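Take this structure, written in structure tokens, and hold onto it; I'll ask about it next.
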Amino acid sequence: MSAETVQAIIDDLGALLLFTMILIVAASQISRAIYAVAAQSFLIAIAGAVLATATGNVDLWVIAGVTLVVKATLLPWVLHWVVRRMNVRREVEPVIPVAATLALAVAVVVMSFHLSASLGTVRQAITGNALPVGIALTLSGVLVMATRKTALTQMVGLFASENGIFFTAMAVTQGMPLIIEIGVILDVILAALVMTIMVLRVRSTVDADIADLDRLKG
Amino acid sequence: MTGERPIELVLLEMALLVLLGPLVTGFIQKLKARLQCRQGAAIVQPYRDLAKLFRKGTVQAVTASGFFRSIPVLVLAATVAAGALVPVLRAGPPAFPLGDALMLLGLLALARFLTAIGAFDAGGAFGGMGASREMTIAPLVEPVLMMVVFSTAVAAGTTELGALSAHRGTSWILDWHAADFLGFAAMLVLLPAETGRIPVDNPDTHLELTMLHEGMLLEHSGPGLGCMVLASHTRQIVTLGLVAALFFPIVSYGAGAADLLVGAGAFAAKILVLAVFLALVESSYAKLRLFRVPQYLGIGFVCALTALALRIL
Amino acid sequence: MTGTLLMAACYGAGGLSSLLARWSGRLALGVGHLAALVGAVAGLGVSLGVLVGDQGRTLTLPLPELFPFARLTLAVDGLSAFFLLVISLVVIAAAIYGPAYLRAHSPGAGPARQAAQVLALNVFLGCMAFVCCAGDALTFLLCWEGMTLASYVLVVAGDRDGENARAGLLYMVMTHGGTALLLVAFLALTERAGAFDFAALRAAAGGLDGMTRTTLFFLALGGFATKAGVIPLHVWLPRAHPAAPSHVSALMSGVMLKVAIYGILRFAFDLLAPVAAPLPFSWGWTVLVAGTISAVLGVLYALQQHDLKRLLAFHSVENIGIILIGVGLAMILWRREDVGGALATVALTAALLHTVNHAAFKGLLFLAAGSVLCRTHVRNMEELGGLARRMPWTAGLFLLGAVAISALPPLNGFVSEWLTFQALLGAASRFHGPAGLVIVFSAAMLALTGGLAAACFAKAFGVTFLGRARTPHAEHATEVPPSMIAGMVWLAALCVALGVAPGYLMHLLDAPTTGLLHGPGASAVVTAQGPLVLSTALTASGTDATAISMTMVAALLIALTAMAWVLRRGLRRAPPRTAPTWTCGMSPTARFDYTATAFAKPLRFVFAALYRPRRAVIRETAGTPYVFQRIHYSGEVVDLAETQIYHRVQRGITVLSRTIRLRSTGRIHGYIGFVLAALFVALLLFGVGQR
Amino acid sequence: MAETLLWVLPLVPSVTALAMLTTRKRRILSGLDVGGSAVLFALTLVLAREVAAGGPRSIGVFRIDDLGLVFLLLLVVLTLTVSIYTVGWLRQAVAVGNMKAESLRSYFALVHAFVATMVVTVLADNLGVLWIAMEGTTITSAVLIGYHGHRHGLEAAWKYIIVTTIGISFGLFGTVLVYAAAADVMGSAGTMSWSAIMQVAPTLDPGIVRIGFIFVMIGYGTKAGLAPMHLWLPDAHSQAPTPVSALLSGVLIKCALLAIIRFQTIAAAACGPAFAEEVLLVFGLISVVVATPFILVQRDLKRLLGYHSVEHVGIVALGLGFGGAVGTYGALLHVVNHGITKALAFFAAGTAIARYGSRDMRAIRGLAAVAPIGATLLMLAALSLAGTPPFSIFVSELMVLRAGIGHGHWVAIAIFLVMVVVIFAGLLHHAGAMVFGEPRGAGRRTEAWSPLLAMLLLAAIMVLMGLTIPASFDGILRRATEVVVG
């Protein structure tokens, strides 16, 4: 498959990723946000596979597989389990109106494209729109964390921004060294576990959402 | 510089001042009495008082400390020493440098300081009151006096009184600068304050609420009081001598006895004029309230400052 | 050389001796102060060695290489030696006085406290000495801050009440701010020079342009003025000095402030001085005006103090002002041959002379106040009185100091003020126009200062020592032990010697004056007619010299006193009778005595515009408003600088911080938002469009 | 020898951590704790000697140069003192029930795991490994912060883990970009090894490196507690157990700084030093300014110290931002000095808090009366933090100032000095209020020996570093400076 096609595919995937990100930002229910993240991870796995076929880089196959298993399946399942385990309110509670969040997300996307446009020489070093898309995904993932009340949505946002990084890593650099990728993923899993434990502990000790605690200030 | 004054002459002048001090007071008293259509005491009355005081015994307050007895001595010594710095008979700096106008003012201030201390010692209310008022007036008088001295010193380039009067030379009122007039005016304003007379102080009364200087002498008695009184006489004539040295020419520069006599006569005349001025002021004004005094001295301050300004600009 | 090492060793040993407190606090006190004494004597030796020796000689002593970027050195030239002399003179007295004082004042002090005091004292002394001997910027700064820190410890280690802590805090913060300014001034030079030692700084300063030079000078001036307590940077001084143990107060007031003067001289005439050109006009005039203001306001505030040590502290502000008048004049006149001539030397001599004089009498006064304090444990003079009969030595020595500080002949205060006056007059007769007026006005203010100081000390001495004892504290006072008296007598002797025979000190002033001004030495100018005569040439031509002889006047005074004493004995030898003080026939009690408040009241009226006095009168009436049961009067005089400047600034900062702090909601979304915003802004600022 | 040490070094704390899980006895645990730290300390000294003798060594993804050595030394010294301190602190904490005796082993295990991750961050040559280790420190320390398990602890831990994870995910993004630029130059042989990238750094694409560095700056800057990403820091430092606070503030934020420095060198080589210095300068100033008001009106003692860390990290950033040999030297020196002093401050504060049973400074009064030594040490730490000689921080701040004045950053210097003086006032005000005055709410108990020993050790180092810089250490610092500014 030729470089153009690969680039075309990656660009399309990027567009899809942005779409899923918008879904996440706009999601009114936690479960939908989780599904969106799963879809995002799935798309990234596809991207990995495409690049793997294009470059014949075995590592990318492995990474694609791991992403598929861990991020598209395991983590969403864990999140769902948590949602069921502690029957939290299923609705996403925004700190600022969803519309405002969307506007911000748009600003982020524009900014990231503007940014990457400003460094022309890097163009050929990078496959298509991977860089701006990656930046956009990462930032708007964090945006979600900043604008959603419940702990679970924050975790969702975290995974979304991780996805952004992964996508960039694949598309821009044809994959970082395998060991590093694995380590990163393991770290993400560990962090997720610790966070889950914390959420549950707070839920069990003081009946509140850990993201709502704001006694420490000043 | 003209007319070196040998040390013995300086001492002679000092003795002269001490001896003539009471006479000036007596003269002023007599003149006042006349102006008030009274007979008044004899001019030599102050000498009689002193003689009487020195013959009396001493009564000391139980609360007074060891300092009390030595206060009059030190006050008298400081005042008389100030007298040594005033040129009387001849102009020109002394043969051996002794002190200048600043030293003179310093010695007078020392005397005043010690008097105030002595007033505290007995521990009565009047002494403290007198000291407080005296030490309120003094810091306001001294700067103005200094400024008057400066106004002439800046021109003469020295603060040594003998040299100053020598520099003044034989010049006479006619070729005074405006600065001199203003300075002299300031001096005239200050004189009553410095000599403890109406309108600032009233030397005749012992009524607590009006007196400043006398209040500090209340607890002194006998020879001690004599020393204090003599000191105040001396202080008065020394101040007058200061004015004379600053503003009026010293007539004679020669070394002969005749010149000395002329100088003596001239000095006597000058002192007489100033004494008359004091007597006139005292019998034509009423004493000011204490807190009006600063305004009164303010006049002097303004005059002196203007005099300086005219000198410098 | 060896002397310097010996000095260091002694202060070090003194510091270590604080370990003895582990076994016996008393022993630690003794040994610590003894070491300080020996150190001071060594310092005396070093300074005299430099001052008496051939001119322009400089002892230098490289220290072991401690920091890779700067080599620490000690260099003792004339100026350093002179200030080292001043320090040593007062330290000797303090070291003799100290142990007995500390034991008598706080018998209940634990060994820990005594150890802290001994350690801090010796560090303090050592740092002070070595600030003056510093040969490079780093040594200077280290010792400078060490000095501050040690004195801070001495201030707060005194008593355990919050007042000391607050005073110490204010002191520490203000001086730290000053040090910050000094840091900038020094580092700006060192970075140009590429080295820290003064020689290199001098060389580097040679190439500065006028603007930078002046900026650096004013930075340094700000730093030093804070330490010297120049109004309006003085507010820490009247709080911190009284809080320290009295002999430390004597050191802080009498010596530590002088170290700041040393810094100003070092910067103005040595480090920053342009090559063979007069100093910029702005320097001298600023210093002169600041000095004048400090002198007048300092004494005015002192007049209204009833706390003995606080009063003395305010007088330090005044005297620093007087010293600065001399320094400012010297700056103005230096190297201006058309007007200056030898007059710059006179001005600088006056300043240096007043430095040592103030060290002597202010030290004496603080020690005497300390004697009162440790016998009565009262600092408010309203509660004292009648101590002259119970503590005759202390009273007499205090009186001596009072006469000296009031600039009355024949003591030393008069000499330096006389020189200052002469310098002022000389400058006035040269400068025409407004400049001359400013000079003359400051001369008048100086005169006013002298008069007010006399009034203030008449009050302080009279109310504290004379009359009746107003409280049991004062009634049961007894004379202090001989060692304390010895300490005071040493300083009193200095006051008398410097007053009666100042001419002999002038040779010691030669080295600093020539070293700084590269002109004729002090002795050549001031004692041209022999050591017994002080003379100055007011006119540029040098004719019409004004000459006085303190010695002669003193002799005359003594002779006259003898004669007057004969007179006082009276013609009839009647034994003196004693009778109660006359109070219009009532039987007198202590309540009849004039209080300090009452004494200062007229002046408070006269200068009400400056004082802004606050008074509150509370009347408790019985049934009818015409019968008073009790009238309670309370009045105070506020320090304008403090209320108008410092309190407002402090309040402003605090309120601002509070509001900022309250704004912060502890919500995590805010945290994340900040991170995101930071990234966003950073990307836009630094990332976009730079190619 | 040295190469072996390189991979032995991270193993030591890991093994200690595992060994902790085998017992429950407090004494044995404490013994293991101190022992492990001591071994780590000793081995590091050997390594330092080797490096001083033979220059940088590397094996696999690990590499030690003088830059890393500076941080490693700080790390091991603090670890050792923390272990010593913990002995006495733990006894008291268990006595009053702050720590549950049965769960001690997990605590110790976590602490050493934490140390192990930090060792890896310092030794990592591979930027990816650096990132992984950094995330590892986040996870372990998050658990430690929430260790007390009460509401506030968990809140602080949650804020900490979320914010820092976001932060270093940005860090990862930056790493990816830099790696991309490197791969672009090196082709298929693209590697994430810092030393290898430094070889080709000048040829990297400036634009992408710039964006990468900004991401890294924000990311690791969050972890380092630079304002305005610092908000998690006071919470975490105030809620963690005292020894952990000391480690967090003394070492962890410094490790993040090390990461920033590593990338700064790359950025400086790729797009000129001016850019990186500008960024660092801005964030340094912001940190110093932002910290000030919170220090002035603070009531919680440990939060106060936390904000102080923000200020001092800002000062380090300033030093790096002023740049040049002097500034970098000063910044590195300040890293060490602040680590030592801040640990001492946390120890002293911890003992005071334990004595009065409250972190509220208004409740702590008259410490000098009830605990003279502790009070003195607290005062010393406060004075040193405020930057008075003869304590270490004065020297490093002096160097930073020199750099700033030398390069003529007058505005920055002015702001910096004003803030320093104001902070000095605030800090001394708080310290004086705690130390002096009449004691209330605490009786005079004898002060436990082990905390005192730890504190005296640190205080000794503090004063020593204030009076002189030992030649050997100076050499290390100089070479480290060369590593940074070339």
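Labels for the chains are A, B, C and D, by order of writing; each one numbers its residues from 1.
Here is the rule we go by: a contact is a pair of C-beta atoms (placed from the backbone, for glycine too) under 8 Å apart; a residue touches a chain by one contact, two chains touch by 3 or more.
Values in this document were obtained by computation on a predicted structure and should not be read as measured data.
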**OP:** Enter the minimum step count from chain A to chain B; a value of 1 means the two chains touch.
**Re:** 2
**OP:** Weigh A-C against A-D on C-beta contact pairs and write down the one with more.
**Re:** A-D
Subject >> Chain whose average C-alpha position is farthest from chain C's own >> reply: A
**OP:** Please compute the C-alpha centroid of chain B, do the same for chain D, then give the distance between them in whole Å.
**Re:** 78
Original post:
Cα centroid separation between chain A and chain C, in whole Å?
Top reply: 69
Subject >> Distance from chain D to chain A - Cα centre to Cα centre, in angstrom >> reply: 31
**OP:** Let me have the rounded angstrom distance from the C-alpha centre of chain B over to the C-alpha centre of chain C, please.
**Re:** 35
Original post:
Which chain C residues reach two or more other chains?
Top reply: 661, 664, 666, 668, 672, 675, 679, 683, 687, 690-691
**OP:** Enumerate the residues of chain D that touch no fewer than two other chains.
**Re:** 158-159, 162, 166, 170, 207, 210-211, 235, 294, 298
Subject >> Touching two or more other chains - residues of chain B >> reply: none
Original post:
If you go through all the chains, which pairs of them touch?
Top reply: A-C, A-D, B-C, C-D
**OP:** Note which residues of chain C are touching chain A in the complex, please.
**Re:** 661-662, 664-669, 672-673, 675-676, 679-680, 683-684, 687-691
Original post:
Which part of chain A faces chain D closely enough to touch in the complex?
Top reply: 115, 118-122, 125-126, 131, 134-135, 138, 142, 145, 151, 154, 158, 161-162, 164-165, 168-169, 172-174, 176-177, 179-180, 183-184, 187, 190-191, 194-195, 198, 201-202, 205-206, 210-211, 213-216, 218
Subject >> Footprint of chain A on chain D - complex, ascending >> reply: 126, 128-129, 131-132, 135-136, 138-139, 142-143, 146, 149-152, 154-159, 161-162, 165-166, 169-170, 172-173, 176-177, 179-181, 183-184, 190-192, 205, 207-208, 210-211, 234-235, 238-239, 294, 298, 303
**OP:** In the complex, go through chain C and note every residue touching chain D.
**Re:** 66-69, 112, 141-142, 145-146, 148-149, 156, 160-162, 164-166, 168-169, 172-173, 176-177, 180, 183-184, 187-188, 190-191, 653-654, 656-658, 660-661, 664, 666, 668, 670-672, 674-675, 677-679, 682-683, 686-687, 690-691
Subject >> chain C partner contacts - residues on chain D that touch it in the complex >> reply: 158-159, 162-163, 166-167, 170, 206-207, 210-211, 214-215, 217-218, 222, 228-229, 231-232, 235, 275, 278-279, 292-294, 296-298, 326, 366, 368-369, 372, 383, 386, 388-390, 394-395, 398-399, 401-402, 405-406, 413, 417, 420-422, 424-425, 428-429, 432-433, 435-438, 467-469, 471, 474, 478
